[in-house]
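Each structure below appears as structure tokens.
Each of the next two complexes has chain A plus one other chain: chain B in the first, chain C in the second.
So, the complex of A and B:
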């Protein structure tokens, strides 16, 4: 679908699109509450308008004035899927601002946690995608593989969802890896790799699924760049952008940046299937080269600092955190999650598709609206 | 036991409503249904997204301001007899969003859930463990069956 046919707010009334299909805020097809208006002509979506803000909890506002350690653990509660990414990036901001040296071993264990999280997030995405496609067998199969990763996360962090591993200067003592944990991690990675290879072979060889997802929800390279798509959504259109390449934490590890060409649902799903072995590769390298030594650097002092920023690559794209410190308390908190920059791509992906594919087109961008709903200002008129 | 209640006791439908938590509880509950490890369907409990065919409402999250009215509407759309399970720390007491704050308390949270709709079973945890959700769902079943 090229841009000339896209209906803007100005031209909507002129073209007289009468049929509007509103979905939400709570809708049976969508897991999370959000609202989307689909403007339909002959069952083909001509325009889409997404509204978020239902989940708004004001987490940036309640963080203002909290002690930095407490604020860090509160950032974890922004999202239940990529909780480690949020606390990691928030801790990185403090470490960058206060110039704290982190022990090597802690850095490696943080990377292991982040990659485990990427594994479970990608498998959740694939399972959700398959459920939306109506293929519940694949969905259950992926949840079965994902359960291994969840157990490994519980083993390291003590909880299945909110692990809270990074703290300022290192990691929590509980999350240190001993011999038994390393062995279980190695066995777990072998299991996940074997099962996901098996899944990938079946998935690609399934003609029904492939014909269902090829050419649906296409986002071209130009559109993805224009709409500021990020993460796997951008990489699925052929742009090899991965912030992990630029992060100094990932310097010791070798991995490939996966790209796909088409930007449709097929590319997006295969993107995640192919990224899972890369994450396993990083975890294996980290286990093999895990340095000995302390896990926490406790010799740091609190100072007042101006606004400090940090970007990291999380399962869904680029995550931004910034805050300043004043007498040990955080001020001027800003969090920007990848899903909010992907909203433009989600709306665009719906256009030109059949109305039944709209939900699939949104799901292909891996939305996480609970992450996204934070910084919306509600103005009483 | 009449034929209707006999058959209905063997097909309990659960509806999941998500009112603005962190997604963690939500995914653990979906995990309960779809993961072969937990598999809530072996207790004859099925997930539905339609309130008119649901028997049990599972509510997660601290109920944000914008979710209050939809939650009431969903509760009213469920036919009698019905049971409500509040799952997770946010649904039980507002969670971190209501209780932890710096200078300004959050004005966005209307929860906990039992201030808005009556709650029959409570499942604690942040995030809830799938085993606890199974136990909570099974604990709510007698309420439904006695009412039939």
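So, the complex of A and C:
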């Protein structure tokens, strides 16, 4: 065969692609600013390129040199949806580095906060997914259910977004749970479970929705692993990986790792729907077995430590924080959010779908780009 | 016809138009406040806001020139839409039936086609800043396919409008011919007279099927969910309407409200034999039909995701087949 006529992946793509449709950075289907260039042929996406970076805030640079308590507090500002996850993981880095023993009661309350955050994040995801589908009614109803979780978070943390519950050695005193709060938590979980079950039954019984989401934005198990997908996006392809299984904080709790097989929008949406009852199960166990005792361990001393890493499972997948401590101040801060590793999966999911489904294929991976757009590294070429 | 009769007829036509405008400004509010908001368990906008206060507000906003090769024509299109709606309403008024050729379903179909073509023009005459490019170079070294020509949302919408004209609007035109088949005439006066003698077309098998098909066609023509492929939030956002601002956007809102009333009046004329006429109590039926269409449309759209071609064309094909069955049933 003549080498000149050999069709490579690149030349084949160039031959097929007729038009580019750029979307963003401002678009009604995107909650956050990102740019996607869709390469289409008769409205079918043949290739996609996603670019982020318009919301750079440089939080790592700001954290550099701050006292560790202040730096931890700043990590909450990385993300408005999973603020607790960031501060918890950042606090875990310090606790791991300084070998601080955390009281059991504080551990349980941290788990309750994290699972509440997972609940509201998943419901926000489902609401946004329905909004992009064009089903405003389901979207509004999910926001209505989510409101209960937001109020519970406000009750414990004092805020609806940045609760500031974990501190080094335990939790903030105002976040301790008394009888009244436990009662409201219990009632809230009953309400959310009832409503989300009702929603799930209606959702899967709606033929129009099923027709829109089945077989759309498919990511195979092999592609998900190749593209380093993480969290529910990876689990929706059938890979049973949940970092909570490896976290000692979750050892006392029974829960199932939910997986789906198809890796399409339906699998991703159902993943979150089915993870909600698991989170409720964990919260109920934590409430029931909540130990008595102190909520903070103040008997620790600051010392210099080298770079320490911590991974936790947050609503979108694996979250990484690391820093070193130098005279009580943080150095070499690195944060990696799950969305950055899911970008490859997002681009891949668009390919082969109608252009209307492209945003849906991106949304299925639950992008959170404001927390991903933090740091830039300038490399002199 | 005496001069007095002519004057009365003229006053009736003007009065009917005023009633149509007066009712149409409340229909979007009813749709959003009483149906969407109630279904979605939220308060919703004030009743007068979507159809009345918003257009008034837009009339007093600063005029922003659209990003268009022919901004004058682009801005004129919504007003042309209003004129077409008015013409459609005039056709079906009984006072106008003496213009025999003009007051026929052929004229109805022609004007509805012009209404559809407007979206194609709108789409090809605008390029919103949201879709064309960034204020900085976004095709960088190493970017994929750097030399592929760019399209924009309005262009996509325009192509979709063309597909709607070619195929998507079949149902409403098939449904319009159900009363024609029954009455054996294309003239509206004959269709109305037939129903005064034999009862409304709606109360026959063919009529019921035709009404269902008409309603689906009505939703497609209104670009309402689930048939809103021209203005889908997931890709083209508002599509051809994206660049309208100030008073031109007000015209878009007025045009939409009026089109709801006009299409429901066409339904009342063709399927109930009750054309809009201020001199008759039956104008109330026209208003009730407009309300019913608005409410049913809002309920359907509230419980539907937006369709892509994969769902849209099979539905259109299925409904068109139903329409053909309705015509066969009406011949029988």
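General remarks:
Operating definition for what follows: the second predicted complex is superposed on the first by the 361 of 381 C-alpha atoms of A that agree within 3 Å, B and C clash if a C-alpha of one lies under 4 Å from a C-alpha of the other, contacts with A are read in each partner's own complex, and residues count from 1 in each chain.
Keep this in mind: contacts are C-beta pairs under 8 Å (C-beta built on N, C-alpha and C of every residue); 3 or more make two chains touch, one makes a residue touch a chain.
Small disclaimer: the values here were computed from a predicted structure and weren't measured.
On the superposed chain A, the positions of chain B and chain C overlap enough to count as a clash. Contacts of A:66 after superposition on the shared chain: chain B is touched, whereas chain C is not.
Of the two partner chains placed around the shared chain by superposition, chain C is the only one that A:37 touches, whereas chain B remains out of contact. When the two complexes are overlaid on their common chain A, residue A:74 makes contact with chain B while staying clear of chain C.
When the two complexes are overlaid on their common chain A, residue A:28 makes contact with chain B and with chain C alike. Once the two complexes are overlaid on the shared chain, A:131 sits against chain B and chain C alike. Contacts of A:147 after superposition: chain B is touched, whereas chain C is not reached. In the superposed model, A:160 lies in contact with chain B only, and not with chain C. On chain A, the surface patch touched by chain B in one complex and by chain C in the other comprises residues 25-29, 131, 136, 140, 144.
Across the interface of their complex, chain A is touched by residues 17-28, 30-31, 34-37, 49-50, 62, 64-67, 70, 74, 95-97, 100-109, 126-127, 129 of chain B. For chain C in complex with chain A, the residues that touch the partner chain are 36, 39-42, 130-134, 138-139, 143-145, 148-153, 156, 159, 225-226, 228-229, 232-235, 237, 302-311.
Interface residues of chain A facing chain B in the complex, by the touch rule stated above, are 25-29, 31-33, 53-59, 61-66, 70-71, 74, 77-81, 83, 124, 127, 131, 136, 139-140, 143-144, 146-147, 150, 159-162, 329-330, 368, 370, 373.
Residues 13-14, 17-23, 25-29, 35, 37, 39-40, 43, 47, 49, 51, 130-137, 140-141, 144, 206, 208-209, 211-212, 354-360 of chain A are the ones touching chain C in the complex.
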